Amino acid sequence: MNPRFAGYEAKLHDSFDRQAMMTLLGARLSAVSPGEVEITAPVLDTTRQQHGYAHAAVSFALGDTAAGYAALSLMEEEDEVLTVEMKINLLSPATGTSLIAKGKVIRPGKRIVVVNAEVWAEAGGTSKQVALLQGTMIPVRA
Amino acid sequence: MNPRFAGYEAKLHDSFDRQAMMTLLGARLSAVSPGEVEITAPVLDTTRQQHGYAHAAVSFALGDTAAGYAALSLMEEEDEVLTVEMKINLLSPATGTSLIAKGKVIRPGKRIVVVNAEVWAEAGGTSKQVALLQGTMIPVRA
Amino acid sequence: MNPRFAGYEAKLHDSFDRQAMMTLLGARLSAVSPGEVEITAPVLDTTRQQHGYAHAAVSFALGDTAAGYAALSLMEEEDEVLTVEMKINLLSPATGTSLIAKGKVIRPGKRIVVVNAEVWAEAGGTSKQVALLQGTMIPVRA
Amino acid sequence: MNPRFAGYEAKLHDSFDRQAMMTLLGARLSAVSPGEVEITAPVLDTTRQQHGYAHAAVSFALGDTAAGYAALSLMEEEDEVLTVEMKINLLSPATGTSLIAKGKVIRPGKRIVVVNAEVWAEAGGTSKQVALLQGTMIPVRA
């Protein structure tokens, strides 16, 4: 998959840095390539649910955002990205010290971009998949 | 729909209060009845996305949690609730001053509980629906 | 919700009649109004799954089609409708003598139309809900 | 992934052969291994939608069934499989001469099995992906 213009990486980082939500989660864009984006975040005490695991909404936030930026990496320079819908299957409790979301474009398109994302939890040297997401992104202009 | 035991309301409030994530979002359980739960939260500067709206993950967090507690309100005393999967369609940007999530049990069951949730944004005297969620909850025991 | 032109009902019936799949299922458009469409079909021996119930794909076919035509009823005269994505939760085995799918527009829009559908099974004088669908439709032009 | 008993392949074929819906679609189990199942079917004139493509419900039927049997291939001998929910993103019109659905277990489990499926359309020597499905299966006993 090919980006539409050379500066797509800087555009993604600029946009990511404007997301207060990503700051709140301690998340960073850890890898960017055309059609694939990875976001890494620590498991924070402030975002746990009642059993002590990271809340499903954290996996959702990271997976949705990674998938959205994967879509944005293939859009035109003037485009922003919007989530139309997203579905998440939760595979395991999100334990561990950090979460890594890997977003990917399944089918690029001018009107509709189909994406998915995996979220993995890491602790020590081991990792396990905690969520699988599948959804739809669209380009929007200001 | 009938709760399984008298103390279901207290159980929901206890569980909700243990969710750091709900505290982080400033959310509170604003209405509880058998099979229906409402959660209200302010739109915070800390949870915005890059265009200044509340991040989709906030609507997800509130809708998923309202739906989960709607399911829990009909479960046995010893049960906790777990999200198996959740799908969200985003209908409008989440602007305004507060968000209200209304979770509802569509089909109760011993093994599988089907739920949905609406999320509404309020500003001044007006409100608009910003998200619709549909998903699956299961009971789990410690 | 308001249709865009007077002939929307005839347009829906014409389109429905061109669907070989609907003929195969014995389905008919049993009610059409702006933003809401109902399809009725018998439970056929030819579309059962291994336990003798109607296959999930029958509920999907009827619900998806009812939701799609509900969306089309609000589109411009030149538009056709396309399913972007659809999610189905199966609530009960599809037994009985006939299935009724009720599709509805949740949020109309020029680019994206959010829809849902309920599928009910009828036998004798009783009916029960067998499926709930939620999805996304878009207008397309030839 | 390991099957629970030696006869899982025969069990899948027996179950598949009892599905009238699969016969109606001209579908056959074209590959079976633990956690992965492939179903192949012709594009029939009887299952088209209004634009002449195979109806989305055909991709759904094949993908859901392939995913369900992938789940069943890892279950106990006494278990049958039931779809709890399934989400489909439609990537391209289902044209061509045949459709191939590849179902796969993403996360096995005693209570909940998470699956996905790809559906590909073939014409001449070329093939393209027409749908991506993600869903939840459970074991049930008679």
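Residue numbering begins at 1 within each chain, and the chains themselves are lettered A, B, C and D in the order written.
In this section, a contact is a pair of C-beta atoms (placed from the backbone, for glycine too) under 8 Å apart; a residue touches a chain by one contact, two chains touch by 3 or more.
Here the structure is a predicted model, which means the values were calculated and not measured.
J.: How many degrees of rotation carry the C-alpha atoms of subunit B onto those of subunit C, rounded to the nearest 5?
T.: Value: 180 degrees, nearest 5.
J.: Going by the touch criterion at the top, tell me which pair is linked by more C-beta contacts: A-D or A-C.
T.: Of A-D and A-C, more C-beta pairs in contact link A-D.
J.: Write down the chain pair in B-D, C-D or B-C that repeats the interface of A-B; the criterion is over half of the contact pairs matching by residue number.
T.: C-D
J.: Round to the nearest whole Å and give the separation of the Cα centres of subunit A and subunit D.
T.: 28
J.: With chain centres defined as C-alpha means, what is the inter-centre distance between subunit C and subunit D in Å?
T.: From the centre of subunit C to the centre of subunit D is 22 Å.
J.: Counting in whole Å, what is the centre-to-centre distance of subunit A and subunit C, each centre being its mean C-alpha position?
T.: Centre separation, subunit A to subunit C: 33 Å.
J.: Please set out, as single numbers or ranges, the residues of subunit B touching at least two other chains.
T.: Residues 84-85, 87, 89, 114, 135-136 of subunit B each touch two or more of the other chains.
J.: If every chain is a node and every touching pair an edge, decide which shape results: line, ring, star, complete or other.
T.: complete
J.: Can you check the complex and tell me which residues of subunit C touch subunit B?
T.: 87, 89, 91-92, 106-107, 114, 116, 129, 132, 134-136
J.: Subunit A touches which residues of subunit C in the complex?
T.: 84-85, 87, 111-112, 114, 136, 138
J.: For subunit C, which residues are in contact with subunit D within the complex?
T.: 15-16, 18-21, 23-24, 45-51, 55-58, 60-61, 64-65, 80, 82-90
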